[in-house]
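You will see chain A twice below: alongside chain B first, and alongside chain C after that.
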Partner chain A sequence: MRIACTRYKPKNMNTLKTISLALALVPAMLSAQERFATRTGHIAFFSETSMENIEGNNRKVTSVFDATTGAIEFAALIKAFEFEKALMQEHFNENYMESNTFPKATFKGKLTGVGEDEMKKEGNYTVTVAGDLTIHGVTKPITAKGTLTVDAAGQVKATSEFLVNPEDHGIKIPSVVRSNIAESIKVIVKLDYAKM
Partner chain B sequence: MIRSAFVALSLCASPLFAQDDLLKLLGEEETGPTYATASFKSTRVINGHSLENTARGVLDFRISHRFGYVNSGVDGFWGLDDATIRLGLDYGITDRLMIGIGRSSYQKTVDGFTKYKILRQCTSGCSMPITLSFLATSSITTLQTEQLPWYDPTRTDYFTHRMAYTFQVILGRKFNENLSLQLNPGVVHRNLVGRAEEANDVIHISAAGRFKLTKRLALTTEYFYILPDQIDAKYHNSFSVGVDIETGGHVFQLQFTNSTGMFERSFITETEGQWGKGDIRYGFNISRVFTVAKPKKPKE
Partner chain C sequence: MKIKYLLLSGALVAIIACGYAWFQYNRSAPSANDMPVKETLTATELLSAFTTDEAAATTRYVGSTEQVIQVSGTIRSVDVAGDSLTNVVLETGNDLAGVVCEFTGGNAGKTWKPGDAATIRGICTGLLMDVVLVRCVAVE
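And then the complex of A and B:
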């Protein structure tokens, strides 16, 4: 399919221009995408046992949420998780998450429970997020409940809490320290989106 | 004409279908430089210093133990009857600057040091292939005057005779997850030496390496080469081989070495043992870290 530009006669140019202009407007009308993004999302995880409490915080999570389709994605750099103890951070990266080999944890899924029109109104909405969570190179499906808040200025805040089992994602915990790490780790996600 | 319109329409319509990889729309994040971490599991290889520092606000309590010579046979219970100890405390002032003090039972020596990381090996976001540190240590023998090995009642002894200093540049690189190597060229300055022919400033270079066998187990080795004609012929180069075992908060370093003392003047310039003759000591270092100053929590 070639555009034979040289064969156009000058008298057809005006028609061509009108049609092209009309076509250019079509995408603008159809794809008024309601997309929200953040680069400073906060993900924290907690492991509480009688032996030891472990808490890691990542405040540089990137996420994009498309209100039109409900698609939601986020990515967290493993080395950006901060701990109170430097040695804990070193072990987390070197021995457990192997962050040199698997630098990011990612999630790709769909958010249901709120429509594009509701997103334009102020309010709190209970939503469900379902998709694939990839940690340490292993992908597992996950479903979690969350809360979506739209404030007066149209800013969107999303929070969610769910459990992750490290062994589901191929993270080996040696028997020596097995009682130092909880079987299920509590993960709390807090994202403050801005319109893209 | 209709063909071109068709092409234009299909091009305009494509954004409606590209819902995959929303994150790609954000573009790549600009992450700062990331430095190599955990090149060695501890701040010492075996006797000598590694290129690692204690992290900021962390206190490292170290107990080092050397038994007697293995060739002492059943009588000396293969060395286990004999023992020298060093107790030490290391502290990380910043991630690049650390200090430490210690006391050895060998010649009742008190030692102190400071180590500063001048260059850090970069894994991404910058280009620096090596880590370069500077180490300055000093030691004082606190034995009673009559107990000093060089005691001579006919000669005036000064307090400064008890002191020695070591300056080293530590050049190292973490080649991959399993292999780290370093070179430590340096000089040991001894205020008092046995004979005039011996050098007060002993120039040496050491080579050390760490080979990770599993996530928590590593093989380590180090060798101190002293440039010729500096020390008495009865002293030899220090060579050590060991294993590092890491658990939650401890690093256990188990080793075989021909050196006795655990401070630089002793193991670099006064090693009497010879591997060939079986003058090998079994020893261990235990390192236990405590977080003293917690990092500041960012406001929510």
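And then the complex of A and C:
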């Protein structure tokens, strides 16, 4: 750093002042952003029919939440969904989700219903999440209710439950097994964030 | 006599077919110990492969069907998440990304701690912030 300063010769003192001011503001700008992240979020989905119940779990979901702007994103690897039965997992990956072609599911959106000041206080807050959900390469807008919990230590947990129709995302289900899979799949998202 | 023989044979075939279908329907996913090891490499090499060319690394290490890879490295962290889930993160030389190995059902077995050397087999599922391996087993 010292070497760089000695070699760098600004054209005038105003330039130097501008650079100094910008550098001084960087820590303040960074501290103003309240960001939370997790690498071990949990997404579970449930298909319940009279023929059979299917449950898949993925406990390696990554998510970032910016409490300042409300921006929230998460991503999940399709092949990281695990099932009780291997055959369900194979059909899920090969026949329905085509995970070799579409290896990830993503969500990008905004969380509203809780202010930045409330995020600093312990409590349970009912929130709304709205954004774009991409599954099987098809992006659809989605809005869901959820709960944001801030504990005494400032740890943040987010949960939400919503329904997804496979056909909305271009997932074709053969008629011969249509009665085995629910028209609407219940999805539960649980994210235990740590402050970045 | 011939009809009786045919009926018996048909019944036998049907029983075998039903038994096979029942077995297929109910079989659980195999352990990484019960599958051949497709690739052996270090955690640093694995992350580097994904960050250099994610598509090529996905083809090679994730594969079109489940496959086991064996990864060795130094443990960055061990996170016990409940009774049946342990996440072991291997160092990669990149502070922002690691190789996360998920152990279920108490399979982590060892009393690992950060800084220990580890060799782990698991099913590679791809790259998010980290490279993710599931259904892992420790290699003695």
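Just so it is clear, the second predicted complex is superposed on the first by the 170 of 196 C-alpha atoms of A that agree within 3 Å, B and C clash if a C-alpha of one lies under 4 Å from a C-alpha of the other, contacts with A are read in each partner's own complex, and residues count from 1 in each chain.
We take it that a residue touches a chain if its C-beta (ideal position, glycine included) is under 8 Å from a C-beta of that chain, and two chains touch if they have at least 3 such contacts.
Note that the structure is predicted; figures quoted are calculated from it, not measured.
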item: Partner chain(s) touched by A:P174 [first = chain B, second = chain C, both, neither]; value: first
item: First (chain B), second (chain C), both or neither touched by A:A71; value: first
item: Touching partner for A:E84 - first (chain B), second (chain C), both, neither; value: both
item: Chain touching more of chain A, residue-wise (chain B, chain C); value: B
item: Which superposed partner A:G154 touches (first chain B, second chain C, both, neither); value: neither
item: Partner chain(s) touched by A:R35 [first = chain B, second = chain C, both, neither]; value: first
item: Contacts of A:N100 with chain B and chain C, given as first, second, both or neither; value: both
item: First, second, both or neither for A:G113, with chain B first and chain C second; value: neither
item: Residues of chain A at both interfaces, chain B in one complex, chain C in the other; value: 39, 59-60, 62, 75, 77, 79-80, 82, 84-87, 100
item: Chain A to chain B touching residues, read off their complex; value: 1-4, 8, 12, 15-16, 19-20, 23-24, 26-27, 30-31, 35, 37, 39, 52, 59-60, 62-66, 69, 71-75, 77, 79-80, 82, 84-87, 90-91, 93-95, 100, 106, 174, 176-177, 180, 196
item: Interfacial residue positions of chain C with respect to chain A in the complex; value: 24-30, 58, 62, 64, 66, 79, 81, 85, 87, 100, 102, 123, 125-126, 128-130, 132, 134-135
item: Partner chain C, residues of chain A touching it in the complex; value: 39-40, 59-60, 62, 75-77, 79-80, 82-87, 89, 100, 103-104
item: Residues of chain B that touch chain A when the two form their complex; value: 1, 3-9, 12-13, 15-16, 19, 21-23, 25-26, 29, 31, 34, 37-38, 55-58, 123, 177, 215-216, 246-249, 289, 291, 294-295, 298
